[in-house]
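Everything below concerns the one structure shown next.
In this document, chain identifiers A, B, C, D, E and F correspond to the written order of the chains, with residue numbering beginning at 1 in each.
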Amino acid sequence: MSLTHFGEDGAARMVDVSAKPETARIAVAEGVLAMAPATLALVREGRVGKGDALGVARIAGIMAAKRTADLIPLCHPLPLSQVALDLDPDDAIPGVRLAATVRTTGRTGVEMEALTAVSVAALTLYDMLKAADKGMVIGGVRVRLKDGGASGRHEMP
Amino acid sequence: MSLTHFGEDGAARMVDVSAKPETARIAVAEGVLAMAPATLALVREGRVGKGDALGVARIAGIMAAKRTADLIPLCHPLPLSQVALDLDPDDAIPGVRLAATVRTTGRTGVEMEALTAVSVAALTLYDMLKAADKGMVIGGVRVRLKDGGASGRHEMP
Amino acid sequence: MSLTHFGEDGAARMVDVSAKPETARIAVAEGVLAMAPATLALVREGRVGKGDALGVARIAGIMAAKRTADLIPLCHPLPLSQVALDLDPDDAIPGVRLAATVRTTGRTGVEMEALTAVSVAALTLYDMLKAADKGMVIGGVRVRLKDGGASGRHEMP
Amino acid sequence: MSLTHFGEDGAARMVDVSAKPETARIAVAEGVLAMAPATLALVREGRVGKGDALGVARIAGIMAAKRTADLIPLCHPLPLSQVALDLDPDDAIPGVRLAATVRTTGRTGVEMEALTAVSVAALTLYDMLKAADKGMVIGGVRVRLKDGGASGRHEMP
Amino acid sequence: MSLTHFGEDGAARMVDVSAKPETARIAVAEGVLAMAPATLALVREGRVGKGDALGVARIAGIMAAKRTADLIPLCHPLPLSQVALDLDPDDAIPGVRLAATVRTTGRTGVEMEALTAVSVAALTLYDMLKAADKGMVIGGVRVRLKDGGASGRHEMP
Amino acid sequence: MSLTHFGEDGAARMVDVSAKPETARIAVAEGVLAMAPATLALVREGRVGKGDALGVARIAGIMAAKRTADLIPLCHPLPLSQVALDLDPDDAIPGVRLAATVRTTGRTGVEMEALTAVSVAALTLYDMLKAADKGMVIGGVRVRLKDGGASGRHEMP
């Protein structure tokens, strides 16, 4: 097996997808931002009106999804038809669970767009909370669901 | 305690740092991309000349560090004076360890730039390897060291 | 009635347009930059060869139209097929009238692209004239015509 | 009088500010988005929890301020030290009043950054409300206060 | 003959391509970065493992191709389906030969994307080598092949 | 000799300039766009009022100079204090001569900004003229003058 993003001479390239049909595609990615319980309490307070950190992170994630091909060198540009982000505080972590759903009609999948939305939303939340908590960790960033295109549906266990 | 990125009315804002002095700052962030052993073998092969995935990811991370304030809504723009990224394959994960070092002389810290470099380098590696491995996970993204500025040196345990 | 850019839980999202057909779309937006008569005279002089401020503003507006989805968080990216800008000095204001025409074949309308072109062209003109006139005002920025898509033709009175 | 953004031959240029000292600067810009009373009611409802359109617009305005030099051709890049936006529903318009405050320590003023923040926040609000109201108008976009630098303090009447 | 990028009144515009069909398109552009023989030796050394300057330049060129419409004012945005870059050291110059191949399915050609990829890859190589050689020159940047669309195949002699 | 943009392990990096003092810097770069005599006649006609292709190219070059660090991976971001571009038709080529002058007060030089301005201005001119002339060539892109910083003044012969 070899990596498709590199030619026979080992040179990186944006692979040719011009022969692929345009199909409806969806990807769902997820991740968590783990934090101290007191930090999570601050997030929850903001939610009820004194500073909506989750709302800011959601916007940052949506905007980042649209810039994925600008950030990831060998990623194809795609006209996204939907981006949505769920950000849920969870005491069991403790921290915030993030999930992004992205759709397009195009020649390549949208996993990278969903993963980028989750990553930048988590970074944005980190930025707003870092004065209160220097030990936060972003983790569990992965693709949960992918559908559309030749490789079919993949749902992670 | 309340979040400094929000005013008394709860409105998000880029906080006023104009009264802070410009000081030398450094931040080191780290993370891992966990993958199957066979995928890690592909990364190692590329390294010896048939497709340098780690080299591509390194460049993406450096470029992303420079665009941090463009991605993270309340982050101050900073003229970075250094960005370096280490990407090391590690069988113990199995996967790739990432670490970013960022320096500036400015009024705010560079943790977000270092975390952004690690995140986008990991996403770029994910993009190049995703055809081979659908179960990769990005995790452990955190600040390891931060120095300069009023809050002094923080080294994570 | 509720806003489509927010889900039932109140979370902002880029709405799903994947089920909409691609149709030919047009939008025309307009606005004015009001200024002192002496400032308008400077604009007119430039036009005849000593510094074409209108030409610079036109280019800025066209470039901004292409970046609309990058600036406006919940706006869908669209491959524009035409952008044109008219900038006309008018003594009756006194000031400059701006109008932008944008076309695409896509799943959403192009009002935001036309409004962004007008706004950034007006800001660019403001920038070049502000040393001469500190009292300029941008106003009357609105959609004059919109056609294509399910909601049909709207021509403002 | 002639325009400083053009040389003697009429060619546009980014003027040389290298001889100017770095000083503390502030600018406040304002504007309004006029709408139907029923549309303003939707904005107010969202504010109390079902979709915070003002919060989204505020973030878009802050991010746009940081990209001013990227949008306005002859504008100098500046490391902003503060950006804040007030968005207030006002029945007397009816509509939303916008005001942006921007600070930097630099060689040029920040009027353009404040005006850009107001304009893009207004466009973002327009985008979220346009399905409900096709007759909205952006107006009254102007500088209210400017201070710092050789030309001193200007407060508009 | 007159230039299509300007209207009858001489105003620049992004021309209307909405009536053109979407067809498969390809363009190949080329160029050279001429340098001293000792500088070329440094490039070759890096290639064998101590600093892959050609690899960095290739990534920069691919990323720049995706941003062509953002850099060139009257250029239409296009969803590229392939970008590949060849960078070959050549003692006969002495220097590095660059060639970029770009494909899309769209309403306009991709010459500008291929030329932008070559130019930015050459600039990136220049940046990495400039401490060693102040006399380098970028030249011979031109379109070698263009196909697809109404004007048919052009192969330069 | 080895390349400073790569570490001892061969990894690319943005080199650490934090110990360098901020000094006044200037760079002048030049280049040519060679074309058929009939194409050059079109450029000259536009200049006298029917479509100012040189004016559009000048703006594109100035804007590109400000985005240099965004395009060139290992380039440091710099707050430019001046960008000016001269574009002169020349029958002796035949074609257009381009020259860019860039100034900053910073820790690194501005050669790359000047070279980027020339390259993007030439590409923009190419774009507007390509329907008339498929044989144009960009060449002679080099640094003519560089001053400021530890390495002193370099004037190319």
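Quick notes
In the analysis below, a contact is a pair of C-beta atoms (placed from the backbone, for glycine too) under 8 Å apart; a residue touches a chain by one contact, two chains touch by 3 or more.
Chain identities (UniProt): A, B, C, D, E, F = Cyclic pyranopterin monophosphate synthase.
Since the structure is predicted, the reported quantities are computational estimates derived from the model, not experimental observations.
Separation of chain B from chain F in touch steps, taking the shortest path, is 1. Interface matching across C-F, B-F or A-B places the copy of B-D, with more than half of contact pairs shared by residue number, at B-F. For the pair chain B and chain E, the fraction of shared interface numbers is greater than half, so the two copies use mostly the same residues to meet. For the pair chain A and chain C, the distance between C-alpha centroids works out to 31 Å. With centres defined as mean CA coordinates, chain F is found 15 Å away from chain E. The centroid of the Cα atoms in chain B and the matching centroid in chain C are 37 Å apart. Contacts with at least two other chains are made by residues 11-12, 49, 52, 55-56, 59-60, 63, 67, 73-74, 79 of chain F. All chain pairs that touch, listed by label, are A-B, A-C, A-D, A-E, B-D, B-E, B-F, C-D, C-E, C-F, D-F, E-F.
Chain contact summary for the complex, chain E toward chain C: residues 7, 11-18, 69-70, 73-74, 76-79, 106-107. Listed in rising order, the residues of chain E touching chain A in the complex are 24, 55, 58-59, 62-63, 65-67, 79-87, 103-105.
For chain D in complex with chain A, the residues that touch the partner chain are 49, 52, 55-56, 59-60, 63. Listing the residues of chain C that touch chain D in their complex gives 1-6, 10-12, 31, 38, 42, 46, 49-53, 56, 59-60, 63-64, 67, 71-75, 111-112, 115-116, 119-120, 122-124, 126-132, 134-143, 146, 154, 156.
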